[in-house]
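Here is the structure we will look at, set down as structure tokens.
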């Protein structure tokens, strides 16, 4: 799969995200993914505000996370979000790296689908606005 | 202060709420308070749904928590929520007990005020519906 | 796959787990899975305390969640955790149902591996104590 | 009270921290406080690692939060943590500002006490190492 578009976010691991094994509790990673996804959607100019205005909700319907190495207190991590699919649904891939060593720590993906807010129905193709904005961004200035 | 009305909720502490010191991270207690507050507001028949329908938001404007003894993995705790004020604002007190030993573990309070959804303005007296329902519940069948 | 062993947990959805779309934010489901997994591991008598005592950590290395229908405020959900694999790793499947209607809302799985605490090394077979306890439980009284 | 020492942290509010009222759920603020407290303790060179090594735990025994204005999606907030007391306990004050407008949004405080890890006993005076490091930092280079 050719990565279409990428954005990243750097986060320093805080105490409250750790569990008794002194590593980040596995459920907290979805907040890290969310922060990087938000950067990616900002780049496309189709984040939560634009979704709402354009009349669509985009619930997450599928999540996958592969934990390779643990995340530790005060570790500086870089989460990279990459657009994998956009024509029929929004599939984003994630990789978490140690920001100093560039060691790969985690991989994952989320899939979202468009729901029309007025009909509450699932759209089997992505709304034209998303497609337009993604394609405009891809052909735009190199990041 | 005479406790007006009380409700309680029993929760078993899960792994994900613990921090590296093997005790519940202090920020997680507000979820425990929320669960007991919800029981109390159900009793009054003025929970989130009724607040919304009656045209008011009730943001929390003040929180106080006093941590007396730590909460531990798989401990069964009982959170008691007590109505302390309702005429001008909604002040609720909380006590967390070990459900087996009845030892007091935590004390706290939250204060909420009514905001009129159409004007976005703060109400200096509680909306009549809340007052009516609280007073109806207090004079109602003994809990 | 023959379900080996099942346990369940009932939870009422609280306000703090909802997002601006009025449904549970997708990252919170892993707390629901954790609560049901804990019940399952209690049944096997190999929960966090026993893992620690027996000299192993069991980090989660893989998570998959398929969100079928949204979870809503005050909905009473039942999370069923089922043991899917235990000989080489611990794979548990989850189904979340509406507790009143029995409608299926979510499916998922988690995979854990054993790490020897003294060597920090991954065990390619599950420690004998887990295998013994699982097999003892399966052959034990019908649940 | 003379503020002894200050540190700050900038955070952009993410979707997952919002509740159905489109504002940050009140319980999430303690994560924001934690991030700023960590910066402050780094400045003193007495953060979680140093606490552990010096033989003390520092549980939080008291929290107070005053919510002045709501926090909204993608708002860039600055959390300032200020050392208020250190001789007998560690009391830290927090102010959250909108990072663009400098409008004050939230005020709060946390209080921690030292517990000797070998005796599990409360220390009625702060351990000498903390006092030394705080006083060294205050008399050190102006921040």
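As written, the chain order gives the labels A, B, C and D, with residue 1 at the start of each chain.
What we mean here is this: a residue touches a chain if its C-beta (ideal position, glycine included) is under 8 Å from a C-beta of that chain, and two chains touch if they have at least 3 such contacts.
Predicted model, so just to flag it, every value in this text is computed and none were measured.
**Student:** Select the chain at the greatest separation from chain B, using centres from the mean of Cα atoms.
**Tutor:** A
**Student:** When I count C-beta pairs in contact, which pair ends up with more: C-D or B-C?
**Tutor:** The comparison resolves to B-C.
**Student:** Roughly how many whole angstrom separate the Cα centroids of chain C and chain D?
**Tutor:** 35
**Student:** Any idea how many Å lie between the Cα centroids of chain B and chain D?
**Tutor:** 25
**Student:** So, what's the distance in Å between the C-alpha centres of chain C and chain B?
**Tutor:** Measuring from centre to centre gives 29 Å for this pair.
**Student:** Which positions in chain D are in touch with at least two other chains?
**Tutor:** Those would be 15-16, 20, 27, 30-31, 34, 48, 73.
**Student:** Going by the contact rule at the top, pick out the chain D residues touching chain C in the complex.
**Tutor:** For chain D paired with chain C, touching residues are 15-16, 18-20, 22, 25, 27, 73.
**Student:** Contact residues on chain C for chain B in the complex?
**Tutor:** 12, 14-16, 30-31, 34-35, 38, 47-49, 73-74
**Student:** Using the touch definition up top, name the residues of chain B that touch chain D in the complex.
**Tutor:** 20-21, 23, 26-28, 30-31, 34, 48, 57, 59-68, 70, 110
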